[in-house]
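Chain naming follows the written order as A, B, C, D and E, and within any one chain the residues start at number 1.
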Amino acid sequence: MSNGQSDRAIDVSGLGKRFGARWVLRGTTLAVRPGEVVGLMGQNGSGKSTILRIVATLLKPNAGTAQVNGLNVVRDATAVRAQVGYLAHTPGLYDDLTARENLKFAADMLGMPATVVDASLERVGLARVAHERVRGFSAGMERRLALARLFLRTPTVLLLDEPYSNLDAAGVELINSLIGGIVRTGGAALVALHELAPARGLIDRTLTLVEGRIDAARPNLVGAAAGVA
Amino acid sequence: MAWRDDWRRVRAIARKDLTTELRTKAGFNGVAALGVTILILLGLALGPDGAALRNAAVGAVWLATLFAGVLAFNRSFQVELESGALEPLLQYPGPRWTIFAGKLLGNLVFVTAMVAIVVAAGVVLFGVGIPATWPTLVGVIALGVVGLVVLGTFYASMSSRSRAREVLLPMLLFPMLVPVLLGATTASKALLGADLMHEAGAWIRLLAAYDLVFLIATFVAFEHVIES
Amino acid sequence: MPAPDRSLDARPARPPRTSPWMGVAAILVLAATQAYSISTSPAEGDMGHLQKIMYVHVPAAWMTFLAFFVVLVFSVKYLWKGREDDDLVAASAAEVGATLNGLTLVLGMIWGRPAWGVWWVWDARLTSTLVLFLIFAGYLALRAFVDDEQQRARWSAAVGAIGAINVPIVYMSVKWWRTLHQPPSSPATLDPAYTMGLRINAFALLFVMIFFIRKRYEIARLERAAEHAAEAAALGAP
Amino acid sequence: MAWRDDWRRVRAIARKDLTTELRTKAGFNGVAALGVTILILLGLALGPDGAALRNAAVGAVWLATLFAGVLAFNRSFQVELESGALEPLLQYPGPRWTIFAGKLLGNLVFVTAMVAIVVAAGVVLFGVGIPATWPTLVGVIALGVVGLVVLGTFYASMSSRSRAREVLLPMLLFPMLVPVLLGATTASKALLGADLMHEAGAWIRLLAAYDLVFLIATFVAFEHVIES
Amino acid sequence: MSNGQSDRAIDVSGLGKRFGARWVLRGTTLAVRPGEVVGLMGQNGSGKSTILRIVATLLKPNAGTAQVNGLNVVRDATAVRAQVGYLAHTPGLYDDLTARENLKFAADMLGMPATVVDASLERVGLARVAHERVRGFSAGMERRLALARLFLRTPTVLLLDEPYSNLDAAGVELINSLIGGIVRTGGAALVALHELAPARGLIDRTLTLVEGRIDAARPNLVGAAAGVA
């Protein structure tokens, strides 16, 4: 699938993005190699989600380029989408469909066989409520269902936006097994988070976003006494 | 192969939308009941004079269809926006036109069913006699519905993502539908009068041309419109 | 563990039970009246025996009003006392009333076709009957679209009461709207030969109505009783 | 003291709603433009006959007001539901009727402004002459608007929280508004005819009674309805 | 304000709540004393949010009672609302108002003077964006603004639903200072969370919700080697 230049799973260079007149990203440059898990940190409002959304082809940058496995996210958007698995802040589910119907729809859209649906529901622990409507789901159940979408296929690049929020201990393990699985198959992951604790052991290095750029001065938190708060 | 995948996407979207509509019950029954209610309101507002009402019947039926239809289009994209489902939808691989086609298909089924009910109610309430040329009349209605759904779905794809969606859609849509409204009412009236077949013919050609032009135009434009 | 606070959701000890005999009796009287009136009353000049529709049409209209009055009474009572049963009675009466209302409309239209040559005229009584139907169709739609029982009960009580308050106002306004312009093309005035059959039939339909409301209410109660049994199990010993 | 706090709440809610409407621009301009568009559509659908149109003008103006008004009511509660703002609203201390009063006030300002535009457009488009009795006419319009807003706001407080809000609101509201529609159109027509002053008088009394009855009834019922 | 029985800030007894036919709470009993901070734990979907919403008067229980400072949450709902500060999963803000307008509205509704608004914005670190619309806020900025509402006045009882999610380190400190402030004035807090780490030192004891009841067998995690995940 990916073309030759796959020494960089994610390659973001000089990325600029503004909303109205305010520049949120001011020349962000970062790269993630295949097999690597990178944590993206930074204060609230620093632009973490914005970077992930650009790489996920959901937002167009105002300057700079972003590539996934050598594919440009603007020009080759369709090809990029086929390789990227993205978990957003909001679950993005259809409230009036059941858990299973939501996943079945995702499988149809992804071109995956229907058989993966039940396996995926089982894996996130929602098999019991597969036929209940999403409307009544708790915060954590919605997160799990959104996560189940990522288990439908194996992307080569994972983009996770604060994946651990609202999840209980078992849910945290799910995220970690997802990341672990991708890494084992040579994929890469870029994970926005505020706190390394739940991911401990999985994240290879962290980058910190300050004023719209990756701050070279900030310590790579992994390996240090990384307790946050 | 790719075509089969795309067709699967189109169907998945249409099926999802129709399921949601059926699930929320209001979906279909509500919109249809609303169409009939609007018909009655028009009857009441236009006054108690029977002959004048019969004359207004065709216009009332099309207006009721239009107003009720707008709700259907708005719903069809609103369902994507609640809890941010539009982003995942846009993030799936596959060409963007499949999204439009899926929405179009769902709305077409929905509006066709609604129109059947509104027309039946209009025939009864306004005492319209069914003419011998009724198959042509059905054709006119179908052309009108296609025009309505194509433009409605297209504009809803934009308006539903703006703030003020409920208002923006009719604002954009109604002026664009003036030719459809005029064509459909005039052709229907001519066919009901059962005399001026030539007049109806011209309007039917206009409707058909209009549908075709905008079907192509909206398919082309959609790719640009849906990007954020 | 302390006993659950029943004041939140008061309910009677056991569900009621309506004897089926009431329904059987009502239907029998109804059938007998039809047979009697169809065989004895003369065929009317213009319409022949089609005119017999009146024996159901007219009492159905009366019972519609009565049923919606029941909705009003029990909706207000629910808002006042908050007892679940009142909500269920109101809902049952609304369903039966809407059905009778629909029956009145359909029979009237079937009758109107030969009588007036059209299915519908914008006559005062017809129009207000139709609007009444729409008001209670809205009530039933509301019930269908709300999942939470307590919320559904409160909302539909409010909508039912306010809708019922509007009934006389609608009737008046539609009447003025018509009559100020031209005399109403109202149905033929009543021949005394029919009054007897009409009266008996009205009573038969009254029993049918009461029977259906009670039966519908009972079903709703049984459903609730089943849920409450599940509740007892859920809240029982740890 | 308590009254002053309550009044502050009422104003805060009305101000917030109106700010949001002005902010989203589409809010007011959109609804007003829509009212005018609907007016034009009614004109088109009812045909080119001048005299018949003038006759239908009053009905068309009120229908346009009604349809556009429904959008305003739905918006007014929808703004609470997006990102779950209704829960904090219900969680504030203070009596619940202040919420209804605040919404009512906001909608009243909004719809009044919209009606002014729709009526002006109606006068121009349909060539209606302004009669000497125009102050009474303004009174009729005001009574009609109050009736519309009171019931619209009340039903929107429920429908907006149900599944299928866009459909349920008109389904509940339109039949209930039949007396308002009839009263307002007939009284307006009589006043425009500038002859049957007595007729208009009866309708005005009906409208006033209607407004009063439902203002009281909805205030009483709201406390029950807003709880979840 | 509170009447005599204020030896229990929150007193929940035999609480039952069902959605449709499914019972989520099945006789939950718990109490929080004044000056105490209690952590409410449990798996995703176990009913934590449901308990908080009932105590916050947003949901009516199907059985049992809940009291805040001796006031019944169903019968004395208005009085309870005046004493309770509740932070939900979702921020509940008006997207088209600015940050400041949102807070000003809350102050009006709470009957607080307008002067507290700016102080509160300052405190959560949003003074810089006070005049920007909430629509463009990042996840963490929205959480902070929701939090600012709680700084407008001093409630006697705090109900926090996963307060730390989406917040950076500075945001976590904000939450902790909020809780600390309430406790110092003799108030109480009930905090739903999955992970004790960010709150360490503040939470006096934890309760775990299992099958709709407080599980007596579960260890009180505070004091133990409380690392979760």
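Keep in mind that, in the parts below, a contact is a pair of C-beta atoms (placed from the backbone, for glycine too) under 8 Å apart; a residue touches a chain by one contact, two chains touch by 3 or more.
Bear in mind the structure is a predicted one, so any value in this text is a computation, not a measurement.
Peer 1: Based on which chains touch which, give the shortest step count from chain A to chain C.
Peer 2: Step count on the best path from chain A to chain C: 2.
Peer 1: In terms of C-beta pairs in contact, which of C-D and C-E ranks higher?
Peer 2: C-D
Peer 1: So which chain is the furthest away from chain D, centre to centre on CA atoms?
Peer 2: Checked the centroid distances; the maximum from chain D is A.
Peer 1: Where the centres are mean C-alpha positions, what is the separation of chain C from chain E, in Å?
Peer 2: Result: the chain centres lie 47 Å from each other.
Peer 1: Hey, how far is the Cα centre of chain D from the one of chain E, in Å?
Peer 2: Comparing mean C-alpha positions, chain E is 39 Å from chain D.
Peer 1: Express in whole angstrom the distance between the two chain centres, defined as the mean CA positions of chain B and chain D.
Peer 2: So the centre of chain B lies 26 Å away from the centre of chain D.
Peer 1: Hunt down the residues of chain B that sit against at least two other chains at once, touch-wise.
Peer 2: Counting only residues that touch two or more other chains, chain B contributes 24-26, 30, 33, 37, 44, 47, 163.
Peer 1: Tell me, which residues of chain C touch at least two other chains?
Peer 2: In chain C, 131, 134, 137, 141, 145, 147-148, 177 touch at least two other chains.
Peer 1: Would you give the residues of chain E that are in contact with at least 2 other chains, written as numbers and ranges?
Peer 2: Answer for chain E, listing residues that touch two or more other chains: 19-20, 60, 95-96.
Peer 1: Quick one: in the complex, what on chain C touches chain E?
Peer 2: Touching chain E from chain C are residues 1-5, 8-9, 147-148, 150, 227, 230-231, 234-235, 238.
Peer 1: What does chain E use to touch chain A in their complex?
Peer 2: Residues 19-20, 42-45, 49, 89, 129, 136-141, 143-144, 162, 164-173, 194-195, 197-198, 200, 227-229 of chain E touch chain A in their complex.
Peer 1: In the complex, go through chain D and note every residue touching chain C.
Peer 2: By the definition above, chain D touches chain C via 154-155, 158-159, 162-164, 168, 171-172, 174-176, 178-179, 182-183, 186, 199, 202-203, 206, 209-210, 213-214, 217-218, 221, 224-225, 227-228.
Peer 1: Touching residues of chain C toward chain B in the complex: what are they?
Peer 2: Within the complex, chain C touches chain B at residues 109, 118-122, 127, 130-131, 134, 137, 141, 144-145, 177-178, 181-182.
Peer 1: For the complex, give me every residue of chain A touching chain B.
Peer 2: The touching residues are 56-60, 78-79, 81-82, 84, 86, 88, 90-97, 101, 104-106, 108-111, 133, 142, 149.
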